[in-house]
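Okay, so chain A shows up in both of these, paired with chain B first and chain C after.
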Partner chain A sequence: MKYRLHYLLLIPAILFLILFLVIPLFITLLSTVRTDGGWTLSRYPVFFQDFYLRDIYFRTLKIAAITTLAAAVMGFPTSYYISRTAKKYRGIYIILAVFPLLTSPVVRSFSWMIILGKNGIVNDFLVRIGFIGEPLNLLYTEFSVIMGLLYLFLPLMILSLVGVMENIDSELLRAAESLGASRLTAFLKIVLPLSLPGLVIGASLVFTGSLTAYTTPMLLGGDKTQVLSTLVYKNALALFDWQQASLVASIMVITTFTVVISINWFSGKFNRGEAG
Partner chain B sequence: MKKIIFMMIMVVLVTAVLTPAVMAKETLVISTWGYNEDLLWKNLYTPFEEKYDVNIELEVGNNSARLNKVRMRGGSVVDVIYLAESFAIEAINNGLVAELDREKIPNIENLYEVARKPHGEKYGPAYTLVNLGIVYDKNAVEKPIESWYDLWRDDLEGMISIPDFNTTSGPVMLIMSARKAGTTIHGDIDKAFAELEKIKPNIVKNYSRSSELANMFAQGEASVAVALDFAFFRIKDAVEGATWLNPVEGSFASFNTLNILKGSDNKELAHKFINYAISKEVQAKMAHDKVESPLNMQVKLTEEEAEGLTYGKEFIESLNTIDWKEVNSNKKEWMDRWNRMFAY
Partner chain C sequence: MNEKGKSLTLFTFLVYLFLIAPLLIITVTAFGQSEFLKFPPDSFSIRWFLNVFEVEMFMRTFLISLEVACIATFIALLVGIPAAYVISRYRFRGRKILESFFLSPVLIPQIVFGFSLFNYLVIKLRLPVFTGLLIGHTIFIIPYIIRVISASLANFDYEIEEAAVIFGANRIKTFFMIVLPNISSGVVAGFILAFINSFNNVPISVFLTGPGVSTLPIQMMSYVEYYFDPTIAALSVLLMGMTTVLMFIIERSLGLSYFTSK
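For the complex of A and B:
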């Protein structure tokens, strides 16, 4: 009896989520398939038949995917290093890694404008060493958006990975080596599979965040790098077209769900394959 | 546990004691921008509170966010709303604005003709205007810019930033494109867009915030921009050669208006507020602090005092205006066309 009561503690959080997340989400999704007299799914194909909107959709997807991949590649070694250092230093490293999260996205984006601008640090350096003659157009491109997002979301990847990697028993590695596995094999056969849950969580967070980020693409992107979130903003707050805004929002939600579930499914398969 | 109960009792008591004291006064809720809030309190809100023994509460945000809030709530809560012209029309078209009793706002007679009834007899006056022209860095361009049409020059390739179509200064480029093509936005809009397309190689980016524009100038991303005058003051701080230009065809006026919303419980007080906000006294103080350009004709400024402000009957009457009725009724189509054009 006492044990069952524990579940009651979940009620406030569940109520909150149902009231402020599930129901509004449901209403939004519903509004995209309702017409005056009945139901229709036709708005979705209409969206994708429009080359302009389709381009925005795939651009957003591409930016989010590249950011996630880059965050995984950069985050993995960093996290591994942090998880293997002595406990007393780990806190400091984590604070350093999380530091970007402590400033607002606007400030961060403005800082990137200073770094990537025509008079910016990068261009200044490249011109000075004679690598290029004229400053490059780095800002207002997909590149600058990805840089901004990567900087923004890398900490989430690192945090998720460190949490999991910390619990990998280093005895396992020693055991593998003593049984004749090379360091690389030990890493691939032990560390990588055991870190997978962290990688899945990190990738889901980074992907979702990048797909839905607004400030960064708005400030670091240009007219040619519109993404779904800026499209929602334009529809909702410039045209007051909530119908279309809901449609785009629903497409974003469905995409996120699909991708996150796929990542989970693949990692599950991968893990089982390893075990077998 | 005892502590918690004690705290709760205290909270209830304090609320009970304070509420009547606050409630005793009438409260006027004003929806406005957050700029220069300190100076607005000093010159307008606090003196008004004292004069009429009332409280003022603010709801702060940009035009569209505030208008959206009002729309969602069906008009209630807010009494007086500050809006740029284009959004005021939007609010009127949505049936959110209450009719004005002009007899209760005698100061309207002291405003410039253009400011008295920007949206007709029934709705509120403009209380200030912003000048919309061209900013450029004179050290970055080969020869000076004088006309709107100079923006199409080949030597300005990749140097210009223009306001996004959905901002309060967005339609200006479309209007000037139309004029350049020998038509108007009421006429052959295809021709206007075709002309606008020719300027595309010169455009770095459509900007949506003036802070963003100042940053673009500072970083050398843009050297020319179509901008509101208050953006110019920010740019001037960052770029030495920044120059303000009133093009030969004239700058544009962007009016800000005051309106009373339907559902306001304090209509009397709201009228008094609008009357006070456009009074000689308040407008002069605002002008001296360089917060707002006065539209009350009784405000007289010396040349020095008028620096940086849009001032003077002749100048104000020479400004071009944007036909927001026409723009708003075509907004969806034009904005879509605009966005698609600049996306490729």
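For the complex of A and C:
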């Protein structure tokens, strides 16, 4: 291959992404800093001065943070259990985690509408045992959005963690215990540090996923509990405020990239610190 | 297994109950008799399954979703396989950056991508909505294709390819006769993963659907807004059946360990 013709094979993919991803996104970002005669950054501070919009921004961050924390708390022990299970049974746990992941988000969110609705399972149960007189408004709250997102993204956390925990040698733990380390010490000194890379990947997947999810907040949060993604939709297709929709979209992109870059930077720094 | 205490076993059981119960609840509700979603139902029937086939919009949008997912996946394979081949086969400057670039569509919030694409293709360039829908789906599934194909190329022995070339086969023939058959399981798995993700997508489609062009998930969302009967539950069960079949194919072709080794 004298002329390195094989590099031509990259061109369709590069062209596709530039034409249909880079340019459209660039136009959206650019429109937020352009005015009739020049440039301005003032739209961004104006967004954050508005109480209503600022609330939605921080609510979105809060929901993503709580979902990530809950996924870590539920996922960590579960993944550890799976990683210590005999290999031939491990597949069953993996299948049961992958199945919801491949099921439509509409279906998965809908199931929580049945569970948390006015006549849903939870309310039905609480009324029947006499704990409450009237059904509670569980749907269209931050709580229902968090439950839906946790349900959506917990499998990602479990799969990321199982991936690294599988490689922790059981002999290592047995050795630590036989040398006098308590089970807790062995866990804190061996399991936790060795699973950290999986935890970081899982947490960044869950956090960015929750930050940008649309289907679940739309179905389980509705108009009452708006987040950034539903705000983009509302501004564009309900209010036809293109300018504002672009602004919210750009803020979402900037926030997501900031999160991803800082997680990468932080985990890189941490790993180097461990090694040195 | 003394390293797994009783409380850990119970904890894992409860977490898995959380993962599975909602899907079981949908399934049981779908077989209810009454007009309202109720769990557990008072009496059972399959009338809501029959109703799914009565709602003309569901049938029509199902076919559109199928069409979009198949065409988008096919284009993504055409564009993605050569790119994955070059970045796994050759070492060159900027390879890492290029790889991140190919995987970058997953980093962009999908609702933002859908909005930007609508703004650019449909409003500015005046392309038909359906073309926009196809392009949007193609771009966002390219990373799935690149990732799966690269993973299967990692196990491919390029010596075989070199041998074929030495014996006089040309590069293109070698690719189709030697490389492609060796990564066929990766191609199948990539196809299915990309297909599922396109078929289930909402945030991109929500901007790129219009009068006459809608996808099944979008149609389901607007149905839920107005009706709260078990039809959607029945449709969900049918879709879960489809997921089961596709997952079985992934298991056979790629192995489910792919999901824990990213």
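The rule we apply is simple: the second predicted complex is superposed on the first by the 228 of 276 C-alpha atoms of A that agree within 3 Å, B and C clash if a C-alpha of one lies under 4 Å from a C-alpha of the other, contacts with A are read in each partner's own complex, and residues count from 1 in each chain.
By definition in this document, a residue touches a chain if its C-beta (ideal position, glycine included) is under 8 Å from a C-beta of that chain, and two chains touch if they have at least 3 such contacts.
Just so it is clear, the structure is predicted and the values come from calculations on it, not from any experiment.
Novice: Kindly say whether there is room for both chain B and chain C on chain A in the superposition, answering fit or clash.
Specialist: The answer is clash.
Novice: Give one of first, second, both or neither to describe whether A:226 is in contact with chain B, with chain C, with both, or with none.
Specialist: After superposition on chain A, A:226 lies in contact with chain B alone.
Novice: Determine, under the contact definition given at the top, whether A:114 touches first (chain B), second (chain C), both, or neither.
Specialist: both
Novice: Between chain B (first) and chain C (second), which, if any, makes contact with A:103: first, second, both or neither?
Specialist: second
Novice: Given the superposition on chain A, which partner contacts more residues in chain A: chain B or chain C?
Specialist: Of chain B and chain C, C contacts more residues of chain A.
Novice: So, does A:52 touch the first partner chain B, the second partner chain C, both, or neither?
Specialist: first
Novice: If we overlay the two complexes on their shared chain A, which of chain B and chain C does A:206 touch? Say first, second, both or neither.
Specialist: neither
Novice: Could you say whether A:234 touches chain B, chain C, both of them, or neither, answering first, second, both or neither?
Specialist: After superposition on chain A, A:234 lies in contact with chain B alone.
Novice: Determine, under the contact definition given at the top, whether A:70 touches first (chain B), second (chain C), both, or neither.
Specialist: neither
Novice: Examine A:168 and indicate which partner it touches, taking first as chain B and second as chain C; both and neither are also allowed.
Specialist: Neither partner.
Novice: One more residue to check, A:13. First (chain B), second (chain C), both or neither?
Specialist: Touch partner of A:13: chain C, not chain B.
Novice: So which chain C segment collides with chain B once the two are superposed: 81-89, 189-197, 225-233 or 243-251?
Specialist: The listed stretch with clashing C-alpha atoms is 225-233.
Novice: Could you pull out which residues of chain A sit against chain B in one structure and against chain C in the other?
Specialist: Of chain A, residues 110, 113-114, 117, 119-120, 218-219, 236-237 contact chain B in one complex and chain C in the other.
Novice: What does chain C use to touch chain A in their complex?
Specialist: 1, 3-4, 8-9, 11-12, 15-16, 18-20, 22-23, 25-26, 29, 36-39, 78-80, 82-83, 85-87, 89-90, 92, 98, 101-102, 104-105, 107-113, 115-121, 124, 135-136, 138-139, 142, 146, 171, 196, 199-200, 202-203, 206-207, 217, 220-221, 224, 228, 232-233, 236, 239-240, 243-244, 246-247, 251, 256-257, 259-262
Novice: Across the complex, what residues on chain B touch chain A?
Specialist: 64-65, 68, 71, 90, 158, 166, 203-206, 208, 212, 215-216, 218-221, 331-332, 335, 339-340, 342-344
Novice: What part of chain A is in contact with chain C in the complex they form?
Specialist: Residues of chain A touching chain C: 1, 6-7, 9-10, 12-14, 16-17, 20-21, 23-25, 27-28, 74-75, 77-78, 80-82, 84-85, 91, 93-108, 110-115, 117, 119-121, 124, 151, 154-155, 159-160, 162-163, 166, 170, 173, 201, 208, 211-212, 214-215, 218-219, 229, 232-233, 236-237, 242, 245-246, 249-250, 252-253, 256-257, 260.
Novice: Considering only the defined contacts, which chain A positions touch chain B in the complex?
Specialist: It comes out as residues 52, 55, 110, 113-114, 117-120, 135, 137, 139-140, 218-219, 222-224, 226, 234, 236-241.
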